[in-house]
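We call the chains A, B, C and D, going by the order they appear; numbering starts again at 1 in every chain.
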Amino acid sequence: MTAHSGRHFLQIPGPTNVPDRVLRAIAQPTIDHRGPDFAELALDLRERVKPVFGTGGPVVIYPSSGTGAWEAALVNTLSPGDRVLAFETGHFASLWRDMAQRLGLVVDFVPGDWRRGVDAAVVAERLAADKGHGIAAVMVVHNETSTGVTSRIPEIRAAIDEADHPALLLVDTISSLGSIDYRHDDWGVDVTVGCSQKGLMLPPGLGFNAISDKALALAPTARLAKSYWDWTPILDANEHGFYPYTPATNLLYGLREALQLLEEEGLRNVFARHSRHAAATRAAVRGWGLEVLCVNEREYSSSLTAVLLGAEHDADKVRRIILDRFDMSLGTGLGKLSGRVFRIGHLGDLNDLTLAGTLSGVQMGLELAGVNVDPNGLQAALSVLRAE
Amino acid sequence: MTAHSGRHFLQIPGPTNVPDRVLRAIAQPTIDHRGPDFAELALDLRERVKPVFGTGGPVVIYPSSGTGAWEAALVNTLSPGDRVLAFETGHFASLWRDMAQRLGLVVDFVPGDWRRGVDAAVVAERLAADKGHGIAAVMVVHNETSTGVTSRIPEIRAAIDEADHPALLLVDTISSLGSIDYRHDDWGVDVTVGCSQKGLMLPPGLGFNAISDKALALAPTARLAKSYWDWTPILDANEHGFYPYTPATNLLYGLREALQLLEEEGLRNVFARHSRHAAATRAAVRGWGLEVLCVNEREYSSSLTAVLLGAEHDADKVRRIILDRFDMSLGTGLGKLSGRVFRIGHLGDLNDLTLAGTLSGVQMGLELAGVNVDPNGLQAALSVLRAE
Amino acid sequence: MTAHSGRHFLQIPGPTNVPDRVLRAIAQPTIDHRGPDFAELALDLRERVKPVFGTGGPVVIYPSSGTGAWEAALVNTLSPGDRVLAFETGHFASLWRDMAQRLGLVVDFVPGDWRRGVDAAVVAERLAADKGHGIAAVMVVHNETSTGVTSRIPEIRAAIDEADHPALLLVDTISSLGSIDYRHDDWGVDVTVGCSQKGLMLPPGLGFNAISDKALALAPTARLAKSYWDWTPILDANEHGFYPYTPATNLLYGLREALQLLEEEGLRNVFARHSRHAAATRAAVRGWGLEVLCVNEREYSSSLTAVLLGAEHDADKVRRIILDRFDMSLGTGLGKLSGRVFRIGHLGDLNDLTLAGTLSGVQMGLELAGVNVDPNGLQAALSVLRAE
Amino acid sequence: MTAHSGRHFLQIPGPTNVPDRVLRAIAQPTIDHRGPDFAELALDLRERVKPVFGTGGPVVIYPSSGTGAWEAALVNTLSPGDRVLAFETGHFASLWRDMAQRLGLVVDFVPGDWRRGVDAAVVAERLAADKGHGIAAVMVVHNETSTGVTSRIPEIRAAIDEADHPALLLVDTISSLGSIDYRHDDWGVDVTVGCSQKGLMLPPGLGFNAISDKALALAPTARLAKSYWDWTPILDANEHGFYPYTPATNLLYGLREALQLLEEEGLRNVFARHSRHAAATRAAVRGWGLEVLCVNEREYSSSLTAVLLGAEHDADKVRRIILDRFDMSLGTGLGKLSGRVFRIGHLGDLNDLTLAGTLSGVQMGLELAGVNVDPNGLQAALSVLRAE
C-alpha cells in the first residue's frame, strides 16, 4: 500500500486543496480585532472580495459555513409565512428548501430529476401565474454540488423581468464562486450566498452574502428573527474596519492570500482553467464509455463532474477502492443519487498534471472495481489538456 | 521606535496568543469532512472537549464566533415571548440581553454598576417572586470580559434550587473556559456557551454549547426558529463523526492540539497558573496606587484585570502610548467604561516572564502618559511570581 | 497558462517533495543547542538515523550539503598522496574524483560509458594487481543520480574481500538512501555518504557519514587537514546530545519527522514502493518507444529514470516545454549527457497518482516537442500501478 | 510550574528567536535548485545580502555553520605553514586559533584576560616587529560571544596600515552581523565571517564570507587544500543564480525574509535598538550591584552582556533555576569562565517588553539562587527603555 506516502488527492467538490501560501497565511499569529492592523486588513478585504462576486456593492463575511450564509440570505430579507419559489435541482437545493421551511417560510418547490438546472421557462410561468405577487423570492442554486449542473442565472433573471415580478433573486454560489463566471450586479441578483472552502481555496469557516440595494433595503423590515446574521450592524462596523463580534481573523488572513492568488492568475484565466479541466474530465468519462450525469451541455459544471454508473455497479465501492489504493477522495452520491454516481471535483487550486493524476486514479479504480471501461478515456482527457 | 522588532504583546482579554503548536496544527491540509480521517478527528474531539466544560454530556461545536453560541443557547431552548432573567454585570451581559430581545424574548434585566457579579440573593428573590414560573431561563455571564468580575455560579444554582424554580440556567463562559475552574455538570448548568479564542488558545471561529439533559429535551419543542444552530441534527451526525454541514476543519485541528496542551499541563495547573498571574497583576495595580475595577475580592477574575483610572486620565491614551511605544495591545474600556478603564488580559498561553514584560509595559506606559504611579508596582508583581 | 495554479511537480531526482509534516516540523522555533531539550532531540536522532543506513555504528550529521559529506569521508580517512580507485559511472562519480584530486589524492579512474554501474570484475582485477596495497580506498557511487544506474555494492565488497585487499570502501548513497535497499554493516562499507534532500524527504542542508570501526580507527592518523569535518569531536559531543559547533537545529526537527514517516511506512515498504514506481516509469518509457539510459536491468535505479532521446531531439527543449506548460521540473542531462537525456525523479514522498500525473506530463511534453511517442506508454505504466 | 505554558524565552547569544515570518518562509516547499525560480531567488539574495556586511563585493553563502565559514576564510587565502596573528579575547577566538593550527597554520596568539578586546597598539607593535612580512593574516573576533566584548576594527585596520604591513585582515562577525554597526569595505576587512542564527534571525545552517578583492585574488594560489569551501566555483555559479552543489534552499527562503525585515526596520535603527537594549541590560546589572564582564565601556557589546558573579556563587545554578522556574535559556560561561558568568543575549528579533521580561526573570532567578541583588536593577533598565 502506498496510501501514506505522497500527498493526498482531495478531489471532492469541496473543501478543495488549500494552497500552501494560504495555509501559511492562516498560521500567522492572531491579532487584536479592535486594533489598527486588523482594521487595515478588514478594509482591504472589504474591497478586494467584491470582484469575485462581480459586485460593486457590499459583501458580508460571516464566521460560519456556507449553510449559515444561506440562513443569512433568508432572515435578512423575508418574514414568517413568506412564499418562496425553489427548484429541485439536487441535494443542496433540497436542503435549502428544508431550511426555508424550518425558518417559517412557505416553499413552492418545483420538482426535478437532478440532471438538469433551473428551467427559466418554468420560472416565467410560475411568476406570471403569481398575479398577486405572493412570491417573495426565487431561490436558485447556481452550481449544484450534488449533480454538477450549472443553472443559467441570466435567463432566470430575464424570466423574472419579463414577468415584471418583484420577487427577490437569491442565488447559492457555494461551488461556483471563484471557479465559474458569476456576476452579481450584471445579472441582477439580490443576495449571493458563498463560502470559503471551494473556489476560494480556503479551509471551511467563512460564509458570504453579496447584497443588492433592493435586498439591503428590506433588512430593517424583514421579520424573521435575526441577530447573529443581521447585516446591518456588520456593515456599519465594517465601515471602520471592524466587526460587531469577533471575526475569524486567521481565516481572513487566508482570504487575503487567496484573493491575491486569484488576482495574480486573473479571474478570467481562473474561469478558463476550470472550463478546460471540466472539458478534459468529460472527455475522459465519455472515453471510458460512461455517462455524465448532467444531460444538457449548456449546463455542464466547470467545477465538478458527476459520473453515472450502471445499476449493476456501486459507486461507493469504486470510491472506497480509490481511497484505499490511491489515497484519493472523491465525492459520494448524495440523497437519491446514493450509490449511483460519484463526483470528481476539479475546482480550486488545481493544475493539469494533478487532474491527469486524478483521472488516472479514477480509471484504475473503475477497472479494479470491475467496471468495464475503455482505457483510452485518459488519453482523451490528455488530448484536451495538451491542446492548450 | 522598536515597534516592529520582536513579538507583539497581545494582552487583550482575547483573542489570546495562539501557541505555535496550535498555529502549525491549523496549517495542516484540509481533508474530506465526510471521510474516515475526519470521522476519527471528530469522534476524538467529541470526548476530549468535555472535561474543559466539566461535563460528561454533549458539547456542540459551531463554525461561528461565541456570539453565535449565545444565539444557539437561546434558540434551542426558548420560544417567542418567553421571559428570561438577566443581570447587568457589564457590556457583554448587556449585549446578550439585546440579542435575546432581538430574537423575541422578554428580558427582566437587573441593573448593575459593572463592578460586581450576579448577586445570588437577587436571583433568589426574583425567582421566589415568580410564583407562576413565567421565567423560562436565567442568563449569567460567568466572567465579564468587560469588567474582570467573575460571578459565582454555584451560589446562583443554589438560589434557583432554593426557590424550587424550573428556570434553565444559561451561562456564558466566553472568557473563563479553560482559564477559570468551571463545572457544567456539578453546578447544574443547562447550557454553557464558549468560544475558541480565549482560554482555548485558538484563533476565533469556533463556538460551543455544552448541554444538560434538561436543555436537550427542550430543543424539539422550543419554538424560536432555528436551522443552523439546531442541536439535534448536529448531535445526530456527531454520533458517527460527521457534521450536517461543513465544519471548520482546520480550526478543529487546532482544537485537538489545544486540548492536548491543556491535558499536558493539567487543567488544575492551568487554573492555578491563571490565578497566580491574576494575583501578580493585582499586586502591580495596587503597588502603582491604582484601583482594580472589581470591588469584591471573591469575584476577582483570573483571566483579566480591569484597571480604573482617575477621571483626569484617558485610559485610551494610555493604551495608545503602550501600543505605539511598546507594541502591546490592551483591552479598551467598553460601553459606559469607555476611557475610564483599560483591561489587561492574562489568560491563555502565558508564562511568568511574558506577564512581567506586560506589566513592565503597562508601568512605563502609565508613566509616559503622565499617570502618577509608584514604580514599585512591578516589584510587587515579581514578588508574587517569585514566591511560586 | 495554468502554470501558477496547483502544486508544482518537483520530479527531479532531488531535492524531492518535502512532506507537509516535515515542512511544519522545520518551522518550529529554534532552541538552545546546549540545553536539555536539544540534547533529547540529538540523542533520539543519533539512534533513529542508524536503520536508514543499515548500521549499528555511528552516523555523523553535518550542517552541509552532500558534497560536504563526500569531503568528510575523504579527509577523515586518507592522507595526502594516497591512491584511491574510482569509477566513471557518471557525472557525480566524476565530480567526486575531482574533489579527491583537489584535496591531494591520486585517483585511479576507471573509464565508463555512463550507462553501466561499477563492474565488480574490474574491482577484483585492479585490486589483485595492486600487490603493494597502494590503493587506500575504493570510491563507489551507489546510485548515479546523473544516469539512473545502481551499482551492486555487495558484489564490490565480495571483490575486495576476494582480493584480500585492505582498501576502504567508501560509498555515496546520495540518491539511494531511504529509497533503495542499503546495508552499511552487512555490506562491509567503511564510510557511507548521504544527504537530506532525496530519499530522506528533507530540504537540503544536512550531510551524513555512517562510519565503520575500521574507518573510525583511521581518523586520528589520517593526514588530510580537517577541522570542520573532523568526526572525533562531533562523535564525542554527540555522546551527550551536543555538537562542537552549532548544528542546523531546524533541519534536525525535520529529520526527526522524516524518520518518523519512514518508520510509519516501514523501510521495506518504502523500498518496494520505489521499486514499483521505477518499474511503472520504465514501462511508460518503453511504451512510448524510447530508451532507458541504464542498459543493465540488474542496475535499474529505483529512484530515478534517465530517458535517452534520439540525436534529432533536444532533451532540454522537452524539459522547458514541460516546465512552461505543465509546471513540472525534470532533471537535465548532466555533463556529457547534456541535451541527450532527461531524468524523471520518482523518489521520496510520492504516490501512484502523482507519478501518473508526472508521466502524463512527460508524455504530453514529448508530444508537444515533436518527439514521436506511442501514447500507450502511459497505459503501460498504469497497468503496473494497478497491478499492486 | 508554569514552564510549559507560553513562549520560551531564548535569551542566549544565539541562536536567537526566529521571527514567525522567517519560520513560515523556511516552510515553503523546496524547489529545483537548477530552475528559473531558484535563480531569481539566488540573484536577489546575492545583492541584498551585501549591505548587511557593508560591502559592495561578493558574499559567499555556505550550507554550513559559522565554524565552516571560519574554515573557508582560512583555506581560501592561506597556505600550509603560513603564520597568522590572533588574540585571546575569549573562548571563540581560542577555538578559531585551534582550527588554524589544525589546518596547518602557525598562530602567534596574543594572550588576554577575556575581559578586553584586541588592543590595536599590540597589533601595531607585532606587525612593526614583523619586518619580513611573515605574518600572512590578522584574525580578529569582532564581538566575542563568550564575553560580550566588541573589538574596534577600524583601529586595528589603522594599526595595520600604519605598519604598512600586507597581512590580510580576517574578521569574525558571528555575533555582531546585523546587530552592531559593521563595514567590511570601509574598514578594509579582507574576509568577514558570518552566520545565520544570530543577528540575521535565522535558524543555524548558513555560513557567510564577505571577500575583498585582495583576498579573492589569493584564492587560486592559496595552498591549503579546499574543495567544499572553494570560493571560485561558487562565485562563478552564483553569477547565473546557481550553486556548484545543492544549496540550503529553505534557509535561503528564510534569509530573503530576514533581509526584508532588516530593510523594513532599517539597519541604522536595528543597530540603535541593539545599543539601547544593551544599555538597559547594563543598567540592570549595575542596579543589581553586579559586575559586567567587559571592563572597557568603549568595548561594550550591543548583542550580549556577560554578568560576572562573585566566587561564592555558581552562575550555572542561577541559569538552571531560571530555566526551571521561568522557562528562559541564558548563555553559560564558556571555557575559563565556566561557572563564573552567565550571558544575556539581547540580539536579533527582540523588543522592549521581551527584554523587560528577560531582565525580570534574571532578577527573580538571582534572588532565588541566593545572590544578593538590589531589586531596583529592573527599574534602572526600565528607565532606559522608557526614555526612548
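Heads up, the rule we're going with is that contacts are C-beta pairs under 8 Å (C-beta built on N, C-alpha and C of every residue); 3 or more make two chains touch, one makes a residue touch a chain.
Note that the structure is predicted; figures quoted are calculated from it, not measured.
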item	value
Shared interface partners, meaning chains that touch subunit C and subunit D	A, B
For subunit A and subunit D, chains touching each	B, C
Of all other chains, the one whose Cα centre sits farthest from subunit B	C
Subunit B and subunit C, separation of their C-alpha mean positions in angstrom	54
Inter-centroid spacing, subunit B versus subunit A (mean Cα positions, whole Å)	34
Inter-centroid spacing, subunit C versus subunit A (mean Cα positions, whole Å)	46
Multi-chain contact sites of subunit B, meaning residues that touch two or more partners	7, 17, 20, 24, 27-29
Subunit D to subunit A touching residues, read off their complex	20, 24, 27-29
Residues on subunit B engaged by subunit A in the complex (per definition of touch)	7-8, 10, 12, 14-18, 23-24, 26-36, 63-68, 71, 80, 98-99, 102-104, 195, 197, 203-205, 224-228, 230, 244-251, 323, 329, 332
Residue numbers on subunit D that touch subunit B, as the complex places them	1-7, 9, 17, 19-20, 264-265, 269-270, 273, 276, 325-328, 349-358, 360-361, 363-364, 367-368, 375, 378-379, 382, 385-386
